[in-house]
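Note that chain A is present in both complexes that follow, paired respectively with chain B and with chain C.
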Partner chain A sequence: MTVIGYMKRSALEGVLGDLSDTLEVIAPLPSGKEGGVELGRFEKGAKVVIGPVKTMLPLKTIFLPPVEQIFRFSKSKNETMLTPSTPVTRDRVVFGALGCDIAALALIDEVFLREPVDEAYEERRTRTTIVALACEGQGPECFCASVGIDPVRPDGADVVMIPVEDGFIVETITKKGEQLGAMLQGALRDPTGPQKKAARSFKSSSRSDVDLSAPAGGWSAVWESEAWEDASARCIGCGICTVVCPTCHCFDVHDERHGNGGERFRKWDSCMAVNFTMMAHGENPRPQHRARVRQRYMHKLVYFPENHGAVACVGCGRCAVACPNRTGIGEVAARMRDQEEDSDG
Partner chain B sequence: MRDQLKGMQTRLREIAAAFLERPDALCFIGWEMTPDEKETRPFFARKPRQVKRLVWNEMCHPNPASYLPGLRGSEGMIGVAVKGCDARALRELIRANQIERKNLFVLGIPCAGLVDPNTGAIASRCSECQYPVDLDYDETLGPMETPDLTVERSAPDLDAMSLQQRRAFWKQELDKCIRCDACRKICYGCYCPECIFEMSDPKWATNRGDLADKIFYHAVRAYHLAGRCVGCDECARACPMGVRLDLLNRSLRDHAKEMFSFDGAGITDEKPLLRTFSTEDPDPFFGGDK
Partner chain C sequence: MGELMMIPLIARIRSIREVTFDTLMFEVAIEKDGKEVPFSYLPGQFAELSVFGVGESPISITSTCTRPGPVEFAVREVGLVTEAMHNMRPGDMMGIRGPLGNGFPVNEMKGKDILFIAGGIGLAPLRGLINYVLDNRSDFGAVDIVYGARAPNLLCFDWEFDTWKAAPDTRVHLTIDAPADGWKGSVGFVPAIVKELALPPGNRLAVACGPPIMIKYVLEDLAAAGYRDEDVITTLEMKMKCGVGKCGRCNIGAKYICIDGPVFRLSELKTIPSEY
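On to the complex of A and B.
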């Protein structure tokens, strides 16, 4: 970690504009929703939103897009043509990424970068430099500190920007980060003593008391628990929790034909959807809503740790915010540990 | 006002507890506070001692009646608390045979208007508040009459727009959609056992998720709800991307009223709009106004 300088907040859009001559620049931009912010391609003249609003859609969207073409196909008389798609055309930089979202990438990497490597995902990862924004806690829902994430200098970031009076202290962490740092030099000045001090003492308000640990006797002991009924009764099964979750990564592959051609694409899928487990022969091994709800939490808290060594939750709290009923993973884990009915009321 | 709500809440808990004492009672659906204590969410009380979690206040937006089709065929009686908009939905569900009245214990709640958690003002859905006239309640917390509310409709005037402007507005609005299906899943009226958007054989809709798909999805949903949407605005509340579905459904209701004098969803015994035919239809195709 090296402090490479201080950048004024007012210089940011200019810097991104210059970078966009050579790189694809992705940054938090105002979305269509009132007060909403989403990651989007930065074009010169755009205004970037840097905190305190968390994007509703997580950083994973730029590595695992919601819909992604794999190839196009077309058919002439005697020939079928396949045209593979290009995942990215330029090197990219993403600004303002949060610690929770960056930590989630390390989890998804476990899935996509293991053999057989997912080439499109790998190429997007390799060709993207991640500039983190040290996060002071973006809302009351935040609990990344509870799952061992450092929201100030998150693992996986190439560069970190730490907000201090009207600007940022910029620190480089990786080789990729140093290369980007060199491109930022023109906008940096030497930080003053107080600025350096402010960066060193920058703290996050993320909650550290959310407990995702297993019930006494382990998760298998609560497999048939009536508590799942409580957790699933109010759930409408919309699957927003899976859409906004930075670690959810399931997808389905579709072929769609238009005339003599068409495309194959993959699209996010959701374990909350009835069709998620639908078999081609018409059988659905997970037809009950309650079993689908249980699956989602078991995958996050049991199967993923068993397969990859870590809980698949980064404490962003988006599930609780986006859920029409405000059900978050922390609440469900607590309910499962406490099998006493209505003990929380 | 606060004291009055508190008193109603106490009474609600008493009534729910008494209902749950019945040997045939399965559950009572009302509202509880969300963990952050700022909003409410549906709560299924199953034991009398759980009624202490039930609340009644200005944040009781969710529509408990929308869970009823999913409980069809359950053994036992289901208790459900309904305010005006929920009562309209309940009435439509009973009329459409989605739930049998004899399996329900209905508690009617006079609602003096919900509060929008974002603005602190009366929720825009309340501008259309109307209590159904002939729903038979098992118990009520007061006279089930439409309250006298003045509500600002904070919305662009779609009718004042040109066709091109309106098209541009809806394209921009619907492009925000991420097709998570929350609007469909929360809607009282979306009770088809299999939605056409879930079917893979035949595949009616593509999965590409581009603007055309989004428009197709919302247009199909809107048409299926014409004359059935009761204006509870739960779709707009559930949407994580802020798509103004309340406006889409409201304009459908306005048009149903204007063109077919239909103002019946959940309120009167008028036949469902999509099940009526008239030679006076304003569309020339049906022999109406040439």
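On to the complex of A and C.
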């Protein structure tokens, strides 16, 4: 980690504008009329929203877009020509990413970068430089500190910007970050003593008391837990939790035909949907709502740790905020562990 | 695998053979950039076959890698993609991604007697393994094949039966669910025939593929007959999309059928939930 300078907030749009001559620049931009914020492509003249805001959709959207063409095909009498899609055309930089969202990428990497590597995802990952915005916590829903994430200097960031006074202290972390740092030099000044001190003492208010630890006995100890009755009784099965979740990565594959050609897409899917596991003949191994709710939480809290050594939750709290019934994963985890104690006792 | 994870190679249909009234066998040659390329695989692996513009389906490879030449897939018509496949003609092109999945543990099966148990189209993945075993006959012990279907005309791959019967130390026990005109073999469900045969475990492995209800009874009966969980092998089916452990669709507990399976020993199945 190297402090490379201080940048004034008012200089940011100019800096991004200059970068956009050579890079695709992605940043939090105003969205809709209600003060919403989403990651989007920055064009010169746009205003960036940098502040205590979490985009409704997580950072994963720029690595696993909601809908993505896999290839195009065209048929002639004797041949079928496939043209794989180009996942990115230019190197990219994303500004203002939050620690929770960046940590989630490491979890998705576990799945998409293991053999066989998902090339589209890999290319987006390697061609994107991530500039984190140190996060002071964004409200009561935040609990990234509970799952071991540093919201100030998150692992996985290439550059970190720490808000101080009316600007940022800029620190580079990786080689990629240094390369970007070199492009920022024109907008940087030497930080003052108080600015450096403020950056060193920057703190987050993220809660560190949410316990997502799996029940000691693994899946079998809680398979019949009443936690599933409770959670499924409160769930309307809308699947919004899977849409806003930075670690959910399930997708569907879908073909379209136009004349003699067509395309294949993949698009986000949700394990909360009835037809997610519906097979030909109408046979469905997860026919009940309860089984689907169990699948979602077990995947995050038990199966993912079993396969990859970490819970698939980064404490962003988006699920509880988006849920019509405000159900949070922390409560469900607690209920699972209680149940285990009950059945032990 | 093809070059890219989600990009199929071309599988050009060489010939199509009727297996039963609703199942066709496609013999395909694999092509890349217009040239035929080799395709190596293990018995029990599958491939994602596609009809461009309609979709993709996971289908077991039913041929054996011991016989170079076209790769064979038996497809039962049940929905959109399989229906579109049934409308194809020799010379037409499908897409193919694979081979996928773990396949049968053929090296660990060497030296063993093998009891094959199949029902209906469940013979498709086992046919590749049976032919693999018979092509390497001296590597394996006694072979018994119990195979059943609802009616005689629903027995798949009937052209294989005489060859299998003629192989050394190999017996084929065919059965149908209910008596039918002209049928001279056994009548009864597959689990009942397995029970009646009463082949002792000893040095024997049992490999079972078929409808879930058949598998359920067969596994219970094998356990009662003293077969150890490690010596009972079966395959699981689950809805799939990517076939490579990414799309999150095919898990049972922490296992993904597409990459950790579709072949499992009963001892492994006991470590995952019995429901999904």
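Going forward, the second predicted complex is superposed on the first by the 331 of 345 C-alpha atoms of A that agree within 3 Å, B and C clash if a C-alpha of one lies under 4 Å from a C-alpha of the other, contacts with A are read in each partner's own complex, and residues count from 1 in each chain.
The rule is simple: a residue touches a chain if its C-beta (ideal position, glycine included) is under 8 Å from a C-beta of that chain, and two chains touch if they have at least 3 such contacts.
Bear in mind that the values here come from a model prediction, so they are computed numbers and not experimental data.
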Now for A:P285: first (chain B), second (chain C), both, or neither, which partner does it touch? second
Name the contact category of A:I173: first (chain B only), second (chain C only), both, or neither. neither
Partner chain in contact with A:H254 - chain B first, chain C second, else both or neither: both
Touch check for A:P84: first (chain B), second (chain C), both, or neither? second
Touching partner for A:I236 - first (chain B), second (chain C), both, neither: first
Give one of first, second, both or neither to describe whether A:V244 is in contact with chain B, with chain C, with both, or with none. first
Touch test for A:V67: chain B only (first), chain C only (second), both, or neither? first
Once the shared chain is lined up, is A:A322 touching chain B (first), chain C (second), both, or neither of them? first
Overlap of chain B and chain C contacts on chain A, residues 252, 254, 256, 278
Residue ranges of chain C in contact with chain A within the complex: 1, 4-8, 10, 34, 50, 52-56, 78-79, 82, 91, 93, 95, 237-239, 241-242, 244-249, 251-254, 273, 275-276
Give the list of chain A residues in touch with chain B in this complex. 31-34, 36, 56-57, 66-67, 140, 230, 233-234, 236-240, 243-244, 252, 254, 256, 265, 267, 270, 273-275, 278, 289, 320, 322, 324-328, 331, 341-342, 345
Footprint of chain A on chain B - complex, ascending: 27, 32, 34-36, 39, 41-44, 47, 49-50, 52-53, 62, 66-67, 70, 172-173, 175-176, 178, 180-182, 184-186, 198, 200, 206-210, 234, 237-238, 240-242
Which of the residues in chain A end up touching chain C in this complex? 70-71, 73, 75, 78-80, 82, 84, 111-112, 114, 116-120, 219-220, 223, 249-257, 262, 264, 266, 269, 271, 276-281, 285-286, 291, 295, 298-299, 302-303, 306-307
